[in-house]
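A short write-up of the structure that comes next.
Note that the chains take the letters A, B and C in the order they are written out, and that residue 1 is the start of every chain.
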Amino acid sequence: MKKLRTVMDFCIRHQKILGYSTVSLLTAASEYIFSSVVFKCPCNSSNIMYGCTFLIAPAFVLFLLGYMTNARVWLLVTGRCSSKNQCSCDSRGHFLNVLWSVTASALVAPFTWIAVALLSASFYVCAASGSSAFKKLVCKDFEEYCNKSLKIPCDEELSKKIGELHSLEAQSQIAGWLLIAIIMTVALITTCLSYCSSPVSYLQMKFWKTYSKKEQEVLEIKAKDHAAKLAERNVHFFFEPADPAPFWTPSNEDWQKIS
Amino acid sequence: MKKLRTVMDFCIRHQKILGYSTVSLLTAASEYIFSSVVFKCPCNSSNIMYGCTFLIAPAFVLFLLGYMTNARVWLLVTGRCSSKNQCSCDSRGHFLNVLWSVTASALVAPFTWIAVALLSASFYVCAASGSSAFKKLVCKDFEEYCNKSLKIPCDEELSKKIGELHSLEAQSQIAGWLLIAIIMTVALITTCLSYCSSPVSYLQMKFWKTYSKKEQEVLEIKAKDHAAKLAERNVHFFFEPADPAPFWTPSNEDWQKIS
Amino acid sequence: MKKLRTVMDFCIRHQKILGYSTVSLLTAASEYIFSSVVFKCPCNSSNIMYGCTFLIAPAFVLFLLGYMTNARVWLLVTGRCSSKNQCSCDSRGHFLNVLWSVTASALVAPFTWIAVALLSASFYVCAASGSSAFKKLVCKDFEEYCNKSLKIPCDEELSKKIGELHSLEAQSQIAGWLLIAIIMTVALITTCLSYCSSPVSYLQMKFWKTYSKKEQEVLEIKAKDHAAKLAERNVHFFFEPADPAPFWTPSNEDWQKIS
């Protein structure tokens, strides 16, 4: 029992890292499934279009999904366009701040997709074999295969012969590693700067996070309770011919304030 | 025990996303079964009709099913056609609002069907091989196969030869990814706008949702209770030769109001 | 039961060593997976680039990851750039001290990667076969294979013939062992020096570590408790129409002091 609690504690404390790891692993697994089951390089003039679609479109979809499933986006966006709301400079700073943090977490999955796709190389090889630059390179060195550059991803023998000079797989994997390294560096630097410029200390921030999470939980429980009472009362007075007693409920302004 | 409750809590909180995911997965699975078991391209002049039927008809059926299984439609539609009901401008706005949200959730399954069908390509290949535009393309490049364009989905050898220039599978998969990307973008933007233009804050809306769900539950329990009492009384006074005591029951107008 | 506790005690006492061992083992395992599944030496002019990328890029990524997952970095960095904070000489010394210890623990994984990669040799062989120095050596001894030095990692027969004189694998493994030996020596010496120059005795330092760990635990529990109470109060007064009673919370300055 105690062991389980230790594990749970560990999970809760490292929730963010575990969440990102899970997302990354799922993305990598789905990339593997897609590249082995669905992906079949056409080996004709649409190579470049086909490869790029598989490289970019899923990443884009994952990015949008990341936005959609993040509750903070809706918390932020709700009521922002209503005319009543005066946009003060303070809230705009907060808006950009949250937007940035949401975007950062939404970018984890798409970058994982692109990085894994580059490391497994099949999408890039398909796309690059259709590029005119690659065709020129092949034509310069192997005149006899000049018109067959598009068939490289499908024809293993051809791929081996030309691969002696220009290996697309190696390019793809190098690009993948560089991408990962660059993203990690940027992520570290921005996190560092954001922490660095914060006006409160680390421990206070941690306390604040604990508080806001707790507050959310309590609010949810209380709201459910309040809603149950209100519903009970309203339905009761629907069936009973009497005027409902007044019941205090937070007004719209109160809701606006705590949001 | 605590673990189970955590899982249940998680499920309830992310009910909508889990529901959509389940629907999507079921749709994808049934698409896979259909395309591998039931679908057999006829490879004659009815190719285009056959392919389109498999692509569109199930999607349409799923769309209707989505409408049918949504209780809110019936809540909305009931009594709307009776002549007594004066349609105020306010209720029309509400009507359009609910109609739109129901349509949006009913569209999840059909779009999943079409997207998965395009990614697995077999329906599209069958339909496109029957189109006159594709026949023209084939006739231009391969004069000897001019009359065999309809047989491409059935004849693998032929498919390989012509595929060097025009791969229908690649087209289908590119179309599938584009469709998914476009739908996700539209969904994100509309959700964003609808939240954005709402007069109440996100937390209040959440409270309101909790309340209306609770109210529905309580109403159901009370109505059952009330119905039981009423039935008891009526049956009782049927067997006993006495005038039934008056018993207050909500009138038709009251029911109209709360709907 | 008692056995389990003994194991747990052992784990907690040797937490650091066990953590490093786990990290090292995971790194070694992933190195093995990468070098056997993803790594395919292109055997052309990009050999040296490809080999070096696989040798260095993952190590760099692991180094950044090590920094990111270390809470002490953020504890250190937070609020350091804010203008309020006067940087005393004392805190700068502390800053460098913590930075050094964090860097040291972040270096465990990358060095493990490089050492394992050198011992398993495939990355190094690929990179070294592309170097001009190796080509010169091959050309001097085997004139007939002068232009084939790049193909050594792919062609086993060729590798055997040339290997009689210049075995790249052996070089790689020797380098790996030397690297391990050097790092261990440096680690031992620096640990020794840091203990040696400390003003307090070993037992006192051990007590100090125990104390600060305990303090952190207690602080966390108390903070959680405090947050729960504060949240409860705030939410309560949101639903009840009354002014909230004052509630004491540590001020910003207090937080600054304990950080």
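General remarks:
Going forward, a residue touches a chain if its C-beta (ideal position, glycine included) is under 8 Å from a C-beta of that chain, and two chains touch if they have at least 3 such contacts.
Quantities reported herein were computed from a predicted structural model and do not represent experimental measurements.
Comparing the centres of all chains, each the average of its CA atoms, the largest separation from chain C belongs to B.
The angle needed to superpose chain A on chain B by their Cα atoms is 30 degrees, rounded to the nearest 5. Comparing the contact residues of chain A and chain C by number shows a mostly separate set, under half of all numbers used being common to the two copies. Centres computed as Cα averages put chain B at a distance of 49 Å from chain C. Centroids built from CA atoms put chain C at 25 Å from chain A. Counting partner chains per residue, chain C has no residue touching two or more of them. Against chain A, the residues of chain C that register as touching in their complex are 38, 40, 42-46, 49-50, 53-54, 57-58, 60-61, 64-65, 67-69, 73-75, 77-82, 84, 151, 219, 223-224, 226-228, 230-232, 234-236, 238-241, 252, 255-256, 258-259. By the touch criterion stated above, chain B contacts chain A in their complex at residues 3, 17, 119-120, 163-167, 169-171, 173-174, 177-178, 180-181, 184-185, 187-188, 191-193, 195-207, 210-211, 214-215, 217-219, 222, 226, 248, 250, 254, 258.
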